[in-house]
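Take a look at the structures listed below.
After this come two complexes, each holding chain A, first together with chain B and then together with chain C.
Take a look at the complex of A and B:
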């Protein structure tokens, strides 16, 4: 069930968002797409989620022509940058959404859905908050609701767009460790977008450094830090002060 | 100490006095006159004027026209707003201006357009006559003219709201496996319900009160094609002042009810309305 991205290109009216991107994600890996804003990383993530379509190139996942699978059938759990929680639904209803909209013959019975919601609330450590509305909980809690909602559909891959972008530094660090251990427990192939190299290196098994719609370097955090392959990567790594994040 | 954005007492006083004066002179006084004229010869006379067959027919016709035009405009308005706010396509800004067109075109012209198309001498006149279909000087014409005039209300209310809310929640719904219809009914519609209700209220008020466009296509046949606003004019021109003002009072009451409903909704659901706008 590895993910093979091959020569993906996507142009918007005035510029090339993606200019021939290819890489390979092994089953169960945690991959970071790292780069400055406008480097095309979010566009790539949205293509994997079926929310955007490339002009050319192919994506294969689990031996499927992934681009030919409609977004609603991909079961790609997407966590949006601003969470995109359904504001008129409670936390529990948000999490149950993906199960409730299934076609009737695949829809679990009500009791089973409730059980799953409770289980997921426990998994993201939000027990007892099921009846709250998104506007009544903190940013970090909203983040975890978004994650639980994406996990509810038993996703085949997890796609996270700047998962910690809207949180303050302290919450960010806590959630980071928690997300990493969750990934180790669930083993779902996960791809996340970030512009924060410290985050990328601390979390990911593999890092793809992107610039202007191209991948400058793809490898383990150690390799990227030890041997930057292009001047851009070297410069990008230098830019963040005090960035020696490797343990 | 006053806040930096607050003006001095004189400026404030003058502004408040001007506003109140304007409202009393141009809105409250005429409204009171309408009611007092209606009751000039007593409550009974006013009720008689309202319950004579021609008035009843006008009231009935107005209700029917609104009952057809408002649901259709609800449908058109939602689909127009949906298309404009949630999708990008060529000619979108042109479509936005077209939606606004009925606001800038004189209603009389709107009526004339339909006469030109569907009237006896119009483009489709001969064909319609052959097939025994009457549109002008009949209910269909009234409905068409009303739809034209009231089209923007629902769409105008929804476009900014839906644009503001963005597509994030819809994208989330789809990625969670929802179909297009499920996304619309479970995510989009609940998020716009208050705006939609406002739009429908305003649309309904205008549909029942419309005069110009309806006047052109109606033919003013008493007891048949006169709506309430047209009936008011006919009665007034016949010097039946009590009747004219009695029917006018009914229209004014409708406006007041609309206003009260709108305020009640805003007061009762202030939190939810604010939440729907928050991103």
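Take a look at the complex of A and C:
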């Protein structure tokens, strides 16, 4: 069930958001798309989630023509930068949403849905907050609700858009370690977008450094840090304030 | 020794925002001058008829028929506006099409147009020999000079209330919640019913209530298209004017009081539902 992205290109009116992007994600890997804003990383993530369509190129996942699968049938858990929680639903209703909208013959019975919601609340460490509304919990908690909601559909891959972007530094660090251990436990192929290289190197198995719609370098954090392959990567790594390279 | 009234009732919590006394005082004065005192005068007036006289004035068949038409017509018009206003607002926010700005400006016309002009235009259009009235008459559907004409006029003047209340809410809604629903496996219909509609419901209710309130009191545009047949197409505000012209001030005030009380109760109920919906987010 590896993910093969081949020559993806996408133009918006005046510029190329993605300009021939190809890479390969092994089953169960945790991959960071790292780059400055406007480098095309979010566009790529949205293409994988079925929210955007490329002009050319192919994506294969689990031997499927992934681009031919509609978003609702992909079972790609998507965590939005600003969470996009349903504000009129409680935390529990948010998490249950993906199960409740299933076609009737695939929909679990109510008791089973409730049990799954409780289980997921425990997994994201929000026990007892199921009856709250999103506006009644903190940003870090909302982030974890968004994650639990995405996990409820038993996703085949997990896509996270700047998952910690809107949180303060302390919460970000806590959640980061927690997300890494969660990934190790669940083993879902996961791709996340970030402009923070410290975050990318601390979390990911593989890092794709992006610039102007192209991949400048793709490899393990150690490789990227030890041997930046292009001047852009070298400069981007240097620019980082306080990022202590592992080397 | 000065007592410290620690738990005593206070008019307000101490805060840093200045001007509480001044602004509350002004608000009370202003509301009194503009709303409460004229309404109080209205409330006092009909009692010179006495209880029995008041009751007879407001339960006369002609008065009851006009009240039924005013409130019933306003309710139907508000519901029509709720459905089509939602669609118009949605299209204006979500889609790009030619002359969109122009269409957007057209929505405000019922606000700006003198109601008499609107009424004359509508009755010319829907009269049995009018552009729309003639084909409709061929179908056997009479609009002008019937209760249906009243509803048409009330739909016209109420539309902007629904559209203008919904537009900012729809544009604030953004596409993200809908995208999230799609990635979670929801169909388009499920997304609309479970995600979009509940998010719009409070604003839709407010807009509909405003359209209803405006329609109940509407006079100018209706009287031209209604035909004003007593017991059939005569609205309550017109009946008030007729009574005034006959120097039956108390009788006119009696109808006014009934309209005031009914409008107040309906709007209060709608506001309660609206705030119930809104506290959940």
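Definition applied: the second predicted complex is superposed on the first by the 245 of 247 C-alpha atoms of A that agree within 3 Å, B and C clash if a C-alpha of one lies under 4 Å from a C-alpha of the other, contacts with A are read in each partner's own complex, and residues count from 1 in each chain.
Here, a residue touches a chain if its C-beta (ideal position, glycine included) is under 8 Å from a C-beta of that chain, and two chains touch if they have at least 3 such contacts.
The shown structure was predicted, so the numbers you read here are calculated from the model rather than taken from an experiment.
After superposition on chain A, the partners chain B and chain C are seen to clash. By the document's definition of touching, both partners, chain B and chain C, reach A:78. Touch criterion met: A:87 reaches chain B and chain C at once.
Judged by the touch definition given at the top, the superposed model places A:153 against both chain B and chain C. Contact with neither chain B nor chain C is seen for A:63 once the two complexes are overlaid on the shared chain. On chain A, the patch touched by chain B and the patch touched by chain C overlap at residues 49-51, 71-78, 80, 82, 84-88, 97-98, 101-102, 133, 135, 149-150, 152-153. Looking at the complex, you find that chain B touches chain A at residues 168-169, 171-179, 182, 186-187, 190-191, 272, 275-276, 278-279. For chain C in complex with chain A, the touching residues are 176-177, 179-187, 190, 194-195, 198-199, 280-281. Interface of chain A with chain B (complex): residues 49-51, 71-78, 80, 82, 84-88, 97-98, 101-102, 133, 135, 149-150, 152-153.
Chain A makes touch with chain C in their complex at residues 49-51, 71-78, 80, 82, 84-89, 97-98, 101-102, 133-135, 149-150, 152-153.
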